[in-house]
Amino acid sequence: MKKLINHVDTVLAESLHGFAAAHADIVTLDPGLQFVRRRTLKRGKVALISGGGSGHEPLHTGFIGHGMLDAACPGQVFTSPTPDQMLAAAHEVETGGGVLFIVKNYSGDMMNFQMAAEMLERDNETVIINDDVAVENSTYTTGRRGVAGTMIVERIVGAAAERGDGLAALKALGDAVNKSTASMGVALTSCTVPAAGGPTFQMGAEEMEMGVGIHGEPGRRRVKLTSADDIAAELTGAVLKDLSLKRGQEVVLLVNGFGGTPLMELYVMTHAANKVLAAAGIKPVRVLTGSYVTSLEMAGCSITVNAVDAAMLALWDDPVHTAALRWRM
Amino acid sequence: MIHDQLIRAATQILIDHVDELTALDQAIGDGDHGLNMRRGALAIQSKYDELAAQSLNDALKTMGMTCMSTIGGSSGPVFGTLLVTLGKELPAEPQAADLARALDASIKALTRLGKAEVGQKTLLDVLEPVRMLLTTSSEQGAALVARVRQCAFDSAEATAQMDATRGRSSFLGDRALGHVDPGSRSMALIIGAICDVLLAAR
Amino acid sequence: MKKLINHVDTVLAESLHGFAAAHADIVTLDPGLQFVRRRTLKRGKVALISGGGSGHEPLHTGFIGHGMLDAACPGQVFTSPTPDQMLAAAHEVETGGGVLFIVKNYSGDMMNFQMAAEMLERDNETVIINDDVAVENSTYTTGRRGVAGTMIVERIVGAAAERGDGLAALKALGDAVNKSTASMGVALTSCTVPAAGGPTFQMGAEEMEMGVGIHGEPGRRRVKLTSADDIAAELTGAVLKDLSLKRGQEVVLLVNGFGGTPLMELYVMTHAANKVLAAAGIKPVRVLTGSYVTSLEMAGCSITVNAVDAAMLALWDDPVHTAALRWRM
Amino acid sequence: MIHDQLIRAATQILIDHVDELTALDQAIGDGDHGLNMRRGALAIQSKYDELAAQSLNDALKTMGMTCMSTIGGSSGPVFGTLLVTLGKELPAEPQAADLARALDASIKALTRLGKAEVGQKTLLDVLEPVRMLLTTSSEQGAALVARVRQCAFDSAEATAQMDATRGRSSFLGDRALGHVDPGSRSMALIIGAICDVLLAAR
């Protein structure tokens, strides 16, 4: 295992310290490392709290800030945070508007967030993200997994929270964005969890894992590596089929790298995905290409399509200022 | 007090098997199960003095809360809820029938929490056969303990056959077939370690 | 070789098309693929043109836009663009203020840009970037190489051009920023040039290349992989030594990933670098952590320190709107 | 006209050796030299009809401009300048002494362009020994051609020993020692291919 680390037991803590120092204008790190929070809170605004296992950076800490999250709870690598973390975060960033938890649909995350939600003595709701169309039921997930679409929900709901929408409206919006968002990914190499010391899975020199999860979990099938166009056709095709979009539909397209993929290849995939969308008469009105929801150093990418309406698109475009996503401010 | 030894044995066995548990979770999951269990086991071991001074019931609750606040993942809430429920339901000096009842309550609590049911390749598939055995077996004492031990290991092994036909990994089809569920293996290791202490104490 | 591509001969073209589509609000792609230019030009402003071999994305195309470059000429992977490309770009984006070329110090880039500069019948100056302190003379480079510091020069000079500074002033500023900037990198794995089909160099399972170049060129030495703290101490130490900064000096710190390094590790390195700076009494007033100047999928990172004065820092903070760097607009 | 054959041979040899040239550049450079030379060679081959209709001088200039506008990297300007200079300096029917003079002019142009001098492990370390040989050798005809051919290959090989002591790769120290300079190898291949055609034509 080759990593720029000091010790497997201190990676997370040191990484959080580095993150907090680099973005001290936006975030504050809880001294107990339970959560990262937005530096400046807005009284009465609904507090958006997300979190999950680490190793998906910039998700979630990189999306804390104006127009997105108020706090994120980082678990160990690929391990859901504990309820204590969510409670500590909620007590710190809830300012009267209640709490909206944004949770990816893994049984670990679901159980830990649910326990926190039950213990929290403030108004709260939970939006569950399950955008991965690759496998209907994956290992330890009841139903579909939550993957890159999470950041789209965090962005749109974050903008609505920022303008002052209430808890019930945000919960409804979050569910609606989740429902109109679908993703699927492919891996060319495995990731290596630092403490595990070796790759999560073995793959032949010419193989790819089609429909892989963001923890390196198996997907639909292991097949021979094919061309960017073929891969884009399968990923985008599965996503469009799931959403059953009509011609002329406007979408946000996210071509997301898993951590070890050069930007050059992500733009090749963007071009390939655009061709698929064009053929289906779907209009990508916003395109985001980059490594936003990663699996450590895994090579590969996912394609996410979010069918936006005018209201969602306006929220998407609203000012945002986080470590990993920033515009108009 | 024997529960000191039980705690020591049950946590140490997990630490000793961290690589095996990691490998099992890498095969069909995300590879963190070994580390999760080790983290929980170490957290419990660090409270060893406190636990030794507590009653069995309080020690179980303390361990459950420790799991919940240190492990994370699925294992944290699952083992946490299991231990807390056992701590609530067991009498101070539990017999086999008491344990069966407390396990029944635990299984129900886990299903409420995690929506998984018996037969879906989780540690419930170890807990339920053990509960059944305790309820129905005519044996007692060392013979029963030895049967429980065997039942736990066999049931964990049996989870390997659970994926292909139904349940939460059905889309993996053949690919999960042959792989033991990591949480079930942990559960069996814990039960096995407890049984070994009980057998040695006789 | 595992890559998300269609064919090695079309990677560059398809990637440029994907890039241009994703950022159509900022850039336009020359139909002959000679250059990428800023969508909206500002009459009379000095045109900033950079370029170089591809495979370092987001450099340079990702830095086209308000407050940075006007055009970038992408060569083949790791190969300088040809003079035709620079001439075509200059003719397109020069609007009366002259042209400032920003060129990394490789003999290929130097010769091709120099030929273009000689042929161009407009006022022009060239700023040469040579921030890499690893090797005084590297293969095919006379003097030091130009690496991640390039983006710092492009940002600060870009801001000055945007506010209307003239050609001579920009040339002087560019030289000054270059002189106050130093970098050094380390590689944990090799990159693979698509058309070459295999890794540029072989490295043992426990080795690292200390002082590596951004094309996978050899650096100071091949040594056993050590801890993040030790690596940061060597990289940051070399950089500080080169700049011979006084205690209390304010700097911009750039912790740059080479393409295959997880963000989690880059933040561990940021934390480690901050400790070295603190011990030396150097103050990182701005910190940038991310993969900005890459070598395809190479794992590793570089540390860049730019000793800023108040004027440079104000320019750094000015609004910028490019694909890869954006703030305050 | 013989220059058709020369062009065909000199470009084809580069295409045939693309992997070797890549490997040489991977060892001490950035690995693109093979692809750069192939790109230039293919661009020249695509102008084959145009070149066949031109005089030797014009063909050299056309090829030089083609190198400059299609290759990029160091090789583009370097081979481009070399060819353009030869095109300007050579008489219509060049003899050995003419070639020596034109090479001298080319080496000077290259030094002006790229600041490299003889002895610094570039293709100048092939051009200069060949120029010297042409100036000083008492041989003529086929014997001279064969000597030039050998000189080019030997000189390219000799660049392997150039790094450790001085020059532009001095910081690589021992690490560049033993590696042939890729551009020198290309230059030798081109010269070798030309000599082979000349020898066969006799």
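Chains here go by letter, A, B, C and D, matching the order in which they are written, and residues are numbered from 1 within each.
Throughout what follows, a contact is a pair of C-beta atoms (placed from the backbone, for glycine too) under 8 Å apart; a residue touches a chain by one contact, two chains touch by 3 or more.
As the structure is a computational prediction, the values presented were derived from the model and not from experiment.
S.K.: Using the touch definition from the top, how many steps at minimum link chain B to chain D?
M.R.: Tracing touching chains, the least step count from chain B to chain D comes to 3.
S.K.: Which chains contact both chain C and chain D?
M.R.: none
S.K.: Chain A to chain B: how many Å between their CA centres?
M.R.: 32
S.K.: What is the distance, in whole Å, between the centres of chain A and chain C, each centre taken as the mean of its C-alpha atoms?
M.R.: Result: the chain centres lie 28 Å from each other.
S.K.: If you average the CA atoms of chain B and of chain C, how many Å lie between those two points?
M.R.: Roughly 54 Å, centre to centre.
S.K.: Give me the residues of chain C that touch two or more other chains.
M.R.: 77
S.K.: Report the complete set of touching chain pairs.
M.R.: In this structure, the chains touch in these pairs: A-B, A-C, C-D.
S.K.: Spell out the part of chain D that touches chain C in their complex, as residue ranges.
M.R.: Those in contact with chain C are residues 22, 26, 28-32, 34-36, 39, 68-78, 113-116, 167-172, 175-176.
S.K.: What residues on chain C touch chain D, complex-wise?
M.R.: 53, 75-84, 106-108, 110-112, 114-115, 135-142, 193, 195-196, 200-201, 213, 215-218, 220
S.K.: Which residues of chain A touch chain C once you look at their complex with the stated criterion?
M.R.: The touching residues are 2-7, 11-12, 14-19, 21-23, 54-55, 57-58, 62, 77, 188-189, 205-206, 208, 225, 227-229, 231, 255, 259-272, 274, 284, 287-289, 291, 294, 296-297, 299-301, 326-329.
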